[in-house]
(Lines give C-alpha, C1' and ligand atoms only; values in the text may rest on other atoms or scores of the structure.)
Protein backbone atom coordinates (compact mmCIF):
# COMPACT_ATOMS: atom_id res chain seq x y z
CA UNK A 1 0.00 0.00 0.00
CA UNK A 2 2.13 2.84 -1.34
CA UNK A 3 1.38 6.51 -1.95
CA UNK A 4 3.90 8.83 -3.54
CA UNK A 5 3.62 12.47 -4.56
CA UNK A 6 6.72 13.35 -6.53
CA UNK A 7 8.24 15.53 -9.25
CA UNK A 8 10.17 12.71 -10.90
CA UNK A 9 8.72 10.46 -13.59
CA UNK A 10 8.03 6.80 -12.77
CA UNK A 11 8.69 3.54 -14.58
CA UNK A 12 5.39 1.64 -14.88
CA UNK A 13 7.07 -1.73 -15.41
CA UNK A 14 9.26 -1.37 -12.34
CA UNK A 15 6.35 -0.16 -10.20
CA UNK A 16 4.03 -3.00 -11.23
CA UNK A 17 6.74 -5.62 -10.76
CA UNK A 18 7.36 -4.32 -7.22
CA UNK A 19 3.61 -4.33 -6.54
CA UNK A 20 3.10 -8.01 -7.32
CA UNK A 21 6.54 -9.31 -6.27
CA UNK A 22 6.35 -12.14 -3.76
CA UNK A 23 2.54 -12.33 -3.58
CA UNK A 24 1.33 -15.36 -5.56
CA UNK A 25 -2.23 -14.72 -4.31
CA UNK A 26 -2.55 -11.90 -6.86
CA UNK A 27 -4.53 -12.96 -9.93
CA UNK A 28 -5.02 -9.59 -11.59
CA UNK A 29 -3.70 -6.04 -11.61
CA UNK A 30 -5.64 -3.12 -13.02
CA UNK A 31 -3.51 -0.10 -13.66
CA UNK A 32 -4.36 3.35 -14.97
CA UNK A 33 -1.88 5.92 -16.24
CA UNK A 34 -2.82 9.51 -16.96
CA UNK A 35 -0.69 11.36 -19.52
CA UNK A 36 -0.33 14.98 -20.61
CA UNK A 37 -2.34 15.50 -23.81
CA UNK A 38 -1.54 18.15 -26.37
CA UNK A 39 -5.21 18.98 -26.87
CA UNK A 40 -7.16 21.24 -24.59
CA UNK A 41 -9.69 19.15 -22.60
CA UNK A 42 -12.58 21.51 -23.38
CA UNK A 43 -11.96 21.01 -27.13
CA UNK A 44 -11.88 24.76 -27.56
CA UNK A 45 -10.30 25.35 -30.95
CA UNK A 46 -9.16 28.80 -29.97
CA UNK A 47 -7.05 27.33 -27.19
CA UNK A 48 -4.51 25.82 -29.53
CA UNK A 49 -2.07 23.07 -28.74
CA UNK A 50 -0.86 22.49 -25.22
CA UNK A 51 2.93 22.65 -25.05
CA UNK A 52 3.22 21.97 -21.31
CA UNK A 53 1.28 21.49 -18.11
CA UNK A 54 2.31 22.54 -14.61
CA UNK A 55 0.73 20.58 -11.78
CA UNK A 56 0.43 22.47 -8.49
CA UNK A 57 -0.66 20.67 -5.33
CA UNK A 58 -1.26 21.17 -1.61
CA UNK A 59 1.60 19.38 0.12
CA UNK A 60 0.39 17.63 3.24
CA UNK A 61 -3.29 17.62 2.34
CA UNK A 62 -2.56 15.67 -0.86
CA UNK A 63 -0.85 12.79 0.93
CA UNK A 64 -3.44 12.83 3.69
CA UNK A 65 -6.35 12.68 1.24
CA UNK A 66 -4.72 10.01 -0.90
CA UNK A 67 -4.06 7.86 2.18
CA UNK A 68 -7.69 8.21 3.26
CA UNK A 69 -9.13 7.22 -0.11
CA UNK A 70 -6.70 4.34 -0.46
CA UNK A 71 -7.89 3.04 2.94
CA UNK A 72 -11.47 3.41 1.71
CA UNK A 73 -10.70 1.37 -1.41
CA UNK A 74 -9.10 -1.37 0.70
CA UNK A 75 -12.17 -1.43 2.96
CA UNK A 76 -14.52 -1.77 -0.02
CA UNK A 77 -12.65 -4.37 -2.08
CA UNK A 78 -10.41 -7.32 -1.23
CA UNK A 79 -7.14 -5.82 -2.48
CA UNK A 80 -3.79 -7.55 -2.15
CA UNK A 81 -1.81 -4.42 -3.05
CA UNK A 82 -2.42 -0.84 -4.06
CA UNK A 83 -0.26 1.95 -5.46
CA UNK A 84 -0.87 5.64 -6.16
CA UNK A 85 1.81 7.87 -7.66
CA UNK A 86 0.95 11.44 -8.63
CA UNK A 87 3.48 13.84 -10.08
CA UNK A 88 3.63 17.62 -9.70
CA UNK A 89 5.68 20.27 -11.49
CA UNK A 90 6.08 20.96 -15.21
CA UNK A 91 5.43 18.22 -17.78
CA UNK A 92 5.21 18.04 -21.55
CA UNK A 93 2.70 16.17 -23.77
CA UNK A 94 3.20 12.42 -23.60
CA UNK A 95 4.62 12.51 -20.07
CA UNK A 96 3.07 10.49 -17.24
CA UNK A 97 1.05 12.42 -14.64
CA UNK A 98 -0.48 9.73 -12.47
CA UNK A 99 -0.36 5.99 -11.88
CA UNK A 100 -2.96 4.02 -9.94
CA UNK A 101 -2.67 0.25 -9.66
CA UNK A 102 -4.81 -2.22 -7.72
CA UNK A 103 -4.03 -5.90 -7.33
CA UNK A 104 -6.50 -8.55 -6.22
CA UNK A 105 -7.19 -12.27 -6.45
CA UNK A 106 -9.91 -11.56 -9.06
CA UNK A 107 -10.16 -8.97 -11.79
CA UNK A 108 -13.49 -7.46 -10.76
CA UNK A 109 -12.12 -5.98 -7.52
CA UNK A 110 -8.97 -4.75 -9.27
CA UNK A 111 -10.96 -2.93 -11.99
CA UNK A 112 -13.54 -1.45 -9.60
CA UNK A 113 -11.00 -0.23 -7.05
CA UNK A 114 -8.75 1.31 -9.70
CA UNK A 115 -11.62 3.21 -11.28
CA UNK A 116 -12.92 4.31 -7.88
CA UNK A 117 -9.49 5.72 -7.00
CA UNK A 118 -9.15 7.55 -10.33
CA UNK A 119 -12.67 9.01 -10.13
CA UNK A 120 -12.00 10.16 -6.62
CA UNK A 121 -8.57 11.53 -7.44
CA UNK A 122 -9.98 13.57 -10.34
CA UNK A 123 -12.64 15.19 -8.16
CA UNK A 124 -11.03 15.47 -4.71
CA UNK A 125 -7.22 15.26 -4.70
CA UNK A 126 -5.87 18.82 -4.33
CA UNK A 127 -4.02 19.18 -7.65
CA UNK A 128 -4.45 21.97 -10.21
CA UNK A 129 -3.31 22.06 -13.82
CA UNK A 130 -1.88 25.17 -15.41
CA UNK A 131 -1.75 24.83 -19.20
CA UNK A 132 0.77 26.49 -21.47
CA UNK A 133 -0.33 27.06 -25.06
CA UNK A 134 1.12 29.28 -27.77
CA UNK A 135 -1.31 31.96 -26.54
CA UNK A 136 -0.13 31.91 -22.95
CA UNK A 137 -1.08 30.05 -19.80
CA UNK A 138 -4.41 29.26 -18.22
CA UNK A 139 -5.79 27.20 -15.37
CA UNK A 140 -7.71 24.14 -16.53
CA UNK A 141 -11.38 24.22 -15.52
CA UNK A 142 -12.81 21.27 -13.64
CA UNK A 143 -15.00 18.85 -15.55
CA UNK A 144 -18.57 18.41 -14.34
CA UNK A 145 -18.40 14.79 -15.51
CA UNK A 146 -15.55 14.13 -13.06
CA UNK A 147 -17.70 15.13 -10.10
CA UNK A 148 -20.52 12.96 -11.39
CA UNK A 149 -18.15 10.03 -11.81
CA UNK A 150 -17.01 10.39 -8.20
CA UNK A 151 -20.60 10.61 -6.93
CA UNK A 152 -21.36 7.20 -8.46
CA UNK A 153 -19.28 5.71 -5.65
CA UNK A 154 -21.07 7.51 -2.79
CA UNK A 155 -23.22 4.43 -2.25
CA UNK A 156 -21.45 1.07 -2.17
CA UNK A 157 -22.28 -0.93 -5.30
CA UNK A 158 -25.36 -3.19 -4.91
CA UNK B 1 -3.69 -2.09 -32.59
CA UNK B 2 -1.58 -5.09 -31.71
CA UNK B 3 -2.49 -8.70 -30.92
CA UNK B 4 0.11 -11.25 -29.89
CA UNK B 5 -0.26 -14.87 -28.79
CA UNK B 6 3.12 -16.02 -27.53
CA UNK B 7 4.99 -18.35 -25.17
CA UNK B 8 7.46 -15.72 -24.03
CA UNK B 9 6.84 -13.38 -21.11
CA UNK B 10 6.31 -9.67 -21.80
CA UNK B 11 7.62 -6.48 -20.21
CA UNK B 12 4.65 -4.31 -19.22
CA UNK B 13 6.70 -1.11 -19.09
CA UNK B 14 8.13 -1.63 -22.56
CA UNK B 15 4.72 -2.56 -24.01
CA UNK B 16 2.94 0.47 -22.53
CA UNK B 17 5.70 2.84 -23.60
CA UNK B 18 5.42 1.52 -27.18
CA UNK B 19 1.62 1.87 -27.04
CA UNK B 20 1.62 5.58 -26.18
CA UNK B 21 4.85 6.57 -27.97
CA UNK B 22 4.37 9.45 -30.40
CA UNK B 23 0.66 9.97 -29.75
CA UNK B 24 0.18 13.06 -27.58
CA UNK B 25 -3.60 12.74 -28.04
CA UNK B 26 -3.62 9.94 -25.43
CA UNK B 27 -4.79 11.14 -22.02
CA UNK B 28 -5.20 7.81 -20.27
CA UNK B 29 -4.22 4.17 -20.50
CA UNK B 30 -6.06 1.42 -18.68
CA UNK B 31 -4.12 -1.80 -18.49
CA UNK B 32 -4.97 -5.18 -16.98
CA UNK B 33 -2.50 -7.95 -16.25
CA UNK B 34 -3.58 -11.45 -15.31
CA UNK B 35 -1.11 -13.52 -13.27
CA UNK B 36 -0.84 -17.16 -12.25
CA UNK B 37 -2.15 -17.54 -8.69
CA UNK B 38 -1.04 -20.28 -6.31
CA UNK B 39 -4.56 -20.79 -5.03
CA UNK B 40 -7.16 -22.87 -6.79
CA UNK B 41 -9.85 -20.54 -8.19
CA UNK B 42 -12.70 -22.63 -6.79
CA UNK B 43 -11.21 -22.25 -3.26
CA UNK B 44 -11.40 -26.01 -2.84
CA UNK B 45 -9.17 -26.78 0.13
CA UNK B 46 -8.60 -30.30 -1.07
CA UNK B 47 -7.04 -28.96 -4.24
CA UNK B 48 -3.92 -27.70 -2.53
CA UNK B 49 -1.47 -25.16 -3.84
CA UNK B 50 -1.02 -24.66 -7.56
CA UNK B 51 2.61 -25.13 -8.53
CA UNK B 52 2.15 -24.46 -12.25
CA UNK B 53 -0.39 -23.77 -14.97
CA UNK B 54 -0.23 -24.88 -18.59
CA UNK B 55 -2.20 -22.77 -21.03
CA UNK B 56 -3.37 -24.58 -24.16
CA UNK B 57 -4.97 -22.65 -27.01
CA UNK B 58 -6.40 -23.08 -30.50
CA UNK B 59 -3.84 -21.53 -32.84
CA UNK B 60 -5.54 -19.66 -35.65
CA UNK B 61 -8.92 -19.32 -33.96
CA UNK B 62 -7.34 -17.48 -31.01
CA UNK B 63 -5.82 -14.75 -33.16
CA UNK B 64 -8.96 -14.52 -35.30
CA UNK B 65 -11.24 -14.15 -32.27
CA UNK B 66 -8.94 -11.65 -30.56
CA UNK B 67 -8.79 -9.53 -33.73
CA UNK B 68 -12.59 -9.55 -34.00
CA UNK B 69 -13.16 -8.47 -30.41
CA UNK B 70 -10.47 -5.82 -30.63
CA UNK B 71 -12.24 -4.38 -33.70
CA UNK B 72 -15.51 -4.45 -31.73
CA UNK B 73 -13.89 -2.51 -28.86
CA UNK B 74 -12.55 0.08 -31.30
CA UNK B 75 -16.02 0.44 -32.83
CA UNK B 76 -17.64 0.95 -29.43
CA UNK B 77 -15.13 3.35 -27.84
CA UNK B 78 -12.87 6.14 -29.18
CA UNK B 79 -9.56 4.34 -28.67
CA UNK B 80 -6.23 5.77 -29.73
CA UNK B 81 -4.39 2.46 -29.26
CA UNK B 82 -5.07 -1.05 -28.09
CA UNK B 83 -2.91 -4.04 -27.17
CA UNK B 84 -3.68 -7.67 -26.33
CA UNK B 85 -0.94 -10.14 -25.42
CA UNK B 86 -1.88 -13.64 -24.25
CA UNK B 87 0.69 -16.27 -23.36
CA UNK B 88 0.41 -20.03 -23.72
CA UNK B 89 2.55 -22.89 -22.40
CA UNK B 90 3.68 -23.63 -18.85
CA UNK B 91 3.86 -20.86 -16.23
CA UNK B 92 4.47 -20.71 -12.50
CA UNK B 93 2.69 -18.65 -9.81
CA UNK B 94 3.45 -14.94 -10.12
CA UNK B 95 4.06 -15.13 -13.87
CA UNK B 96 2.14 -12.94 -16.32
CA UNK B 97 -0.56 -14.67 -18.39
CA UNK B 98 -2.29 -11.84 -20.20
CA UNK B 99 -1.97 -8.12 -20.85
CA UNK B 100 -4.74 -5.93 -22.20
CA UNK B 101 -4.18 -2.18 -22.57
CA UNK B 102 -6.47 0.49 -24.02
CA UNK B 103 -5.48 4.11 -24.60
CA UNK B 104 -7.89 6.97 -25.19
CA UNK B 105 -8.19 10.73 -24.83
CA UNK B 106 -10.31 10.22 -21.71
CA UNK B 107 -10.20 7.64 -18.95
CA UNK B 108 -13.80 6.45 -19.22
CA UNK B 109 -13.28 4.88 -22.66
CA UNK B 110 -9.96 3.37 -21.62
CA UNK B 111 -11.47 1.70 -18.53
CA UNK B 112 -14.62 0.47 -20.28
CA UNK B 113 -12.82 -0.94 -23.31
CA UNK B 114 -10.19 -2.71 -21.21
CA UNK B 115 -12.81 -4.35 -19.02
CA UNK B 116 -14.90 -5.31 -22.04
CA UNK B 117 -11.88 -7.01 -23.63
CA UNK B 118 -10.98 -8.89 -20.45
CA UNK B 119 -14.57 -10.03 -19.86
CA UNK B 120 -14.79 -11.21 -23.44
CA UNK B 121 -11.40 -12.90 -23.35
CA UNK B 122 -12.32 -14.82 -20.19
CA UNK B 123 -15.51 -16.19 -21.73
CA UNK B 124 -14.71 -16.56 -25.43
CA UNK B 125 -11.00 -16.70 -26.28
CA UNK B 126 -10.08 -20.37 -26.88
CA UNK B 127 -7.60 -20.92 -24.04
CA UNK B 128 -7.72 -23.67 -21.42
CA UNK B 129 -5.82 -23.90 -18.15
CA UNK B 130 -4.36 -27.15 -16.87
CA UNK B 131 -3.37 -26.85 -13.20
CA UNK B 132 -0.59 -28.76 -11.53
CA UNK B 133 -0.90 -29.28 -7.77
CA UNK B 134 0.91 -31.64 -5.44
CA UNK B 135 -1.95 -34.10 -6.07
CA UNK B 136 -1.57 -34.11 -9.86
CA UNK B 137 -3.05 -32.14 -12.73
CA UNK B 138 -6.56 -31.04 -13.53
CA UNK B 139 -8.34 -28.84 -16.03
CA UNK B 140 -9.69 -25.63 -14.53
CA UNK B 141 -13.49 -25.38 -14.71
CA UNK B 142 -15.03 -22.30 -16.29
CA UNK B 143 -16.55 -19.71 -13.97
CA UNK B 144 -20.24 -18.96 -14.41
CA UNK B 145 -19.50 -15.36 -13.33
CA UNK B 146 -17.20 -14.94 -16.33
CA UNK B 147 -20.01 -15.72 -18.75
CA UNK B 148 -22.29 -13.32 -16.90
CA UNK B 149 -19.64 -10.62 -17.04
CA UNK B 150 -19.34 -11.04 -20.79
CA UNK B 151 -23.13 -10.95 -21.28
CA UNK B 152 -23.26 -7.49 -19.65
CA UNK B 153 -21.71 -6.16 -22.85
CA UNK B 154 -24.22 -7.76 -25.24
CA UNK B 155 -26.13 -4.49 -25.30
CA UNK B 156 -24.14 -1.29 -25.78
CA UNK B 157 -24.10 0.72 -22.53
CA UNK B 158 -27.02 3.17 -22.23
CA UNK C 1 -12.86 -35.18 -45.57
CA UNK C 2 -13.20 -32.88 -42.57
CA UNK C 3 -10.52 -31.95 -40.08
CA UNK C 4 -11.40 -32.55 -36.43
CA UNK C 5 -9.61 -30.80 -33.55
CA UNK C 6 -9.96 -31.59 -29.85
CA UNK C 7 -8.76 -29.40 -26.99
CA UNK C 8 -8.19 -29.63 -23.22
CA UNK C 9 -9.99 -32.58 -21.56
CA UNK C 10 -11.74 -33.53 -24.78
CA UNK C 11 -8.30 -34.10 -26.25
CA UNK C 12 -7.13 -36.10 -23.21
CA UNK C 13 -10.25 -38.28 -23.14
CA UNK C 14 -10.33 -38.93 -26.87
CA UNK C 15 -6.57 -39.40 -26.88
CA UNK C 16 -6.06 -37.37 -30.04
CA UNK C 17 -5.39 -33.70 -30.75
CA UNK C 18 -6.63 -33.92 -34.33
CA UNK C 19 -7.76 -36.30 -37.03
CA UNK C 20 -9.13 -36.37 -40.57
CA UNK C 21 -12.55 -37.93 -41.08
CA UNK C 22 -14.53 -38.84 -44.19
CA UNK C 23 -17.94 -37.36 -43.45
CA UNK C 24 -20.31 -40.38 -43.30
CA UNK C 25 -23.35 -40.19 -45.64
CA UNK C 26 -26.37 -38.51 -44.09
CA UNK C 27 -24.40 -36.34 -41.68
CA UNK C 28 -24.86 -32.69 -42.47
CA UNK C 29 -24.64 -30.78 -39.18
CA UNK C 30 -22.65 -30.60 -35.94
CA UNK C 31 -25.27 -32.55 -33.96
CA UNK C 32 -25.12 -35.43 -36.45
CA UNK C 33 -21.33 -35.39 -36.45
CA UNK C 34 -21.21 -35.56 -32.63
CA UNK C 35 -23.70 -38.46 -32.58
CA UNK C 36 -21.42 -40.27 -35.01
CA UNK C 37 -18.29 -39.55 -32.95
CA UNK C 38 -19.97 -40.90 -29.81
CA UNK C 39 -20.09 -44.35 -31.49
CA UNK C 40 -16.37 -44.42 -32.26
CA UNK C 41 -15.18 -45.77 -28.93
CA UNK C 42 -15.17 -45.39 -25.16
CA UNK C 43 -12.91 -42.32 -25.16
CA UNK C 44 -15.21 -40.48 -27.59
CA UNK C 45 -18.34 -41.56 -25.67
CA UNK C 46 -16.83 -40.34 -22.40
CA UNK C 47 -15.61 -37.03 -23.84
CA UNK C 48 -19.00 -36.38 -25.44
CA UNK C 49 -21.24 -37.68 -22.64
CA UNK C 50 -22.27 -34.22 -21.39
CA UNK C 51 -22.87 -31.91 -24.34
CA UNK C 52 -23.70 -29.02 -22.00
CA UNK C 53 -19.95 -28.58 -21.54
CA UNK C 54 -18.92 -29.06 -25.17
CA UNK C 55 -18.38 -26.00 -27.38
CA UNK C 56 -18.04 -26.19 -31.16
CA UNK C 57 -16.23 -24.05 -33.70
CA UNK C 58 -16.54 -24.60 -37.45
CA UNK C 59 -13.79 -22.94 -39.45
CA UNK C 60 -12.64 -21.14 -36.29
CA UNK C 61 -16.01 -19.50 -35.52
CA UNK C 62 -18.30 -20.49 -32.64
CA UNK C 63 -21.44 -22.23 -33.95
CA UNK C 64 -24.53 -23.91 -32.48
CA UNK C 65 -25.04 -27.70 -32.82
CA UNK C 66 -27.49 -27.01 -35.66
CA UNK C 67 -24.71 -25.54 -37.82
CA UNK C 68 -24.04 -27.38 -41.15
CA UNK C 69 -20.87 -29.40 -41.62
CA UNK C 70 -19.45 -30.05 -45.11
CA UNK C 71 -16.32 -31.61 -46.57
CA UNK C 72 -13.32 -29.32 -46.18
CA UNK C 73 -14.51 -27.89 -42.88
CA UNK C 74 -12.31 -27.59 -39.79
CA UNK C 75 -14.44 -28.65 -36.82
CA UNK C 76 -13.14 -28.10 -33.29
CA UNK C 77 -14.67 -29.52 -30.09
CA UNK C 78 -13.59 -28.13 -26.73
CA UNK C 79 -14.76 -27.34 -23.17
CA UNK C 80 -15.82 -23.86 -22.01
CA UNK C 81 -12.75 -21.67 -22.14
CA UNK C 82 -10.69 -20.72 -19.06
CA UNK C 83 -8.04 -18.31 -20.33
CA UNK C 84 -7.27 -14.74 -19.35
CA UNK D 1 -3.28 33.61 14.35
CA UNK D 2 -4.47 31.40 11.54
CA UNK D 3 -2.46 30.27 8.53
CA UNK D 4 -4.06 30.98 5.15
CA UNK D 5 -3.08 29.11 1.98
CA UNK D 6 -4.15 29.97 -1.56
CA UNK D 7 -3.78 27.71 -4.60
CA UNK D 8 -4.04 27.93 -8.41
CA UNK D 9 -5.87 31.02 -9.66
CA UNK D 10 -6.81 32.09 -6.14
CA UNK D 11 -3.10 32.34 -5.45
CA UNK D 12 -2.45 34.28 -8.69
CA UNK D 13 -5.31 36.71 -8.11
CA UNK D 14 -4.53 37.34 -4.44
CA UNK D 15 -0.83 37.49 -5.25
CA UNK D 16 0.17 35.39 -2.25
CA UNK D 17 0.66 31.67 -1.67
CA UNK D 18 0.23 31.97 2.07
CA UNK D 19 -0.08 34.41 4.93
CA UNK D 20 -0.66 34.56 8.67
CA UNK D 21 -3.75 36.39 9.89
CA UNK D 22 -4.92 37.44 13.34
CA UNK D 23 -8.52 36.28 13.38
CA UNK D 24 -10.61 39.49 13.72
CA UNK D 25 -13.08 39.54 16.64
CA UNK D 26 -16.50 38.16 15.79
CA UNK D 27 -15.27 35.81 13.04
CA UNK D 28 -15.85 32.19 13.97
CA UNK D 29 -16.50 30.31 10.72
CA UNK D 30 -15.28 29.99 7.12
CA UNK D 31 -18.09 32.16 5.73
CA UNK D 32 -17.16 34.99 8.11
CA UNK D 33 -13.48 34.63 7.28
CA UNK D 34 -14.16 34.83 3.53
CA UNK D 35 -16.37 37.91 3.98
CA UNK D 36 -13.47 39.52 5.85
CA UNK D 37 -10.93 38.55 3.18
CA UNK D 38 -13.14 40.07 0.46
CA UNK D 39 -12.60 43.51 2.09
CA UNK D 40 -8.80 43.24 2.05
CA UNK D 41 -8.22 44.52 -1.49
CA UNK D 42 -9.07 44.21 -5.16
CA UNK D 43 -7.13 40.94 -5.59
CA UNK D 44 -9.00 39.28 -2.74
CA UNK D 45 -12.36 40.64 -3.95
CA UNK D 46 -11.69 39.32 -7.45
CA UNK D 47 -10.48 35.91 -6.27
CA UNK D 48 -13.49 35.52 -3.97
CA UNK D 49 -16.13 37.04 -6.27
CA UNK D 50 -17.71 33.68 -7.20
CA UNK D 51 -17.86 31.42 -4.18
CA UNK D 52 -19.42 28.62 -6.24
CA UNK D 53 -15.91 27.86 -7.49
CA UNK D 54 -14.08 28.23 -4.18
CA UNK D 55 -13.35 25.13 -2.11
CA UNK D 56 -12.19 25.25 1.49
CA UNK D 57 -10.06 22.94 3.62
CA UNK D 58 -9.50 23.48 7.33
CA UNK D 59 -6.54 21.58 8.70
CA UNK D 60 -6.27 19.70 5.40
CA UNK D 61 -9.85 18.37 5.39
CA UNK D 62 -12.62 19.58 3.06
CA UNK D 63 -15.23 21.57 5.01
CA UNK D 64 -18.41 23.52 4.21
CA UNK D 65 -18.51 27.32 4.62
CA UNK D 66 -20.34 26.83 7.92
CA UNK D 67 -17.31 25.11 9.46
CA UNK D 68 -15.77 26.84 12.52
CA UNK D 69 -12.42 28.60 12.30
CA UNK D 70 -10.24 29.08 15.38
CA UNK D 71 -6.74 30.38 16.14
CA UNK D 72 -4.09 27.84 15.13
CA UNK D 73 -6.08 26.54 12.15
CA UNK D 74 -4.63 26.08 8.68
CA UNK D 75 -7.25 27.34 6.23
CA UNK D 76 -6.79 26.72 2.50
CA UNK D 77 -8.84 28.29 -0.30
CA UNK D 78 -8.64 26.85 -3.80
CA UNK D 79 -10.61 26.20 -7.00
CA UNK D 80 -12.20 22.83 -7.88
CA UNK D 81 -9.37 20.38 -8.41
CA UNK D 82 -8.12 19.29 -11.83
CA UNK D 83 -5.49 16.64 -11.17
CA UNK D 84 -5.28 13.05 -12.28
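When the chains are written out, they are named A, B, C and D in that same order, and each has its own residue count from 1.
What we mean here is this: a residue touches a chain if its C-beta (ideal position, glycine included) is under 8 Å from a C-beta of that chain, and two chains touch if they have at least 3 such contacts.
Just so we're clear, the structure is a prediction, and the values are computed from it rather than from any experiment.
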Q | Any chain that touches subunit C and subunit A | A | B
Q) What is the chain whose Cα centre is as far as it gets from that of subunit A? A) C
Q | Centre-to-centre distance between subunit B and subunit A (centres being mean Cα positions), rounded to whole Å | A | 23
(Q) Report the inter-centroid distance (CA atoms only) between subunit C and subunit D in whole Å. (A) 73
Q) What whole-Å value do you get for the distance between subunit B and subunit C if each is reduced to the mean of its CA atoms? A) 26
(Q) Rounded to a whole Å, what is the gap between the Cα centroids of subunit B and subunit D? (A) 48
(Q) If a residue has to touch 2 or more other chains to count, which residues of subunit D qualify? (A) 84
Q) subunit B: which residues touch two or more other chains? A) 34, 107, 118, 122
Q: Report the complete set of touching chain pairs.
A: A-B, A-D, B-C
Q. In the complex of these two chains, what residues of subunit B are touching subunit A?
A. 11-14, 16-17, 20-39, 41, 93-94, 105, 107-108, 110-111, 114-115, 118, 122, 149
**Q.** Of subunit D, residues touching subunit A in the complex
**A.** 5, 7-9, 57, 60-62, 76, 78-84
Q: Would you tell me which residues of subunit A are touching subunit D in their complex?
A: 34, 55-58, 60-61, 64-65, 86, 97-98, 118, 121-130, 139-143, 146-147
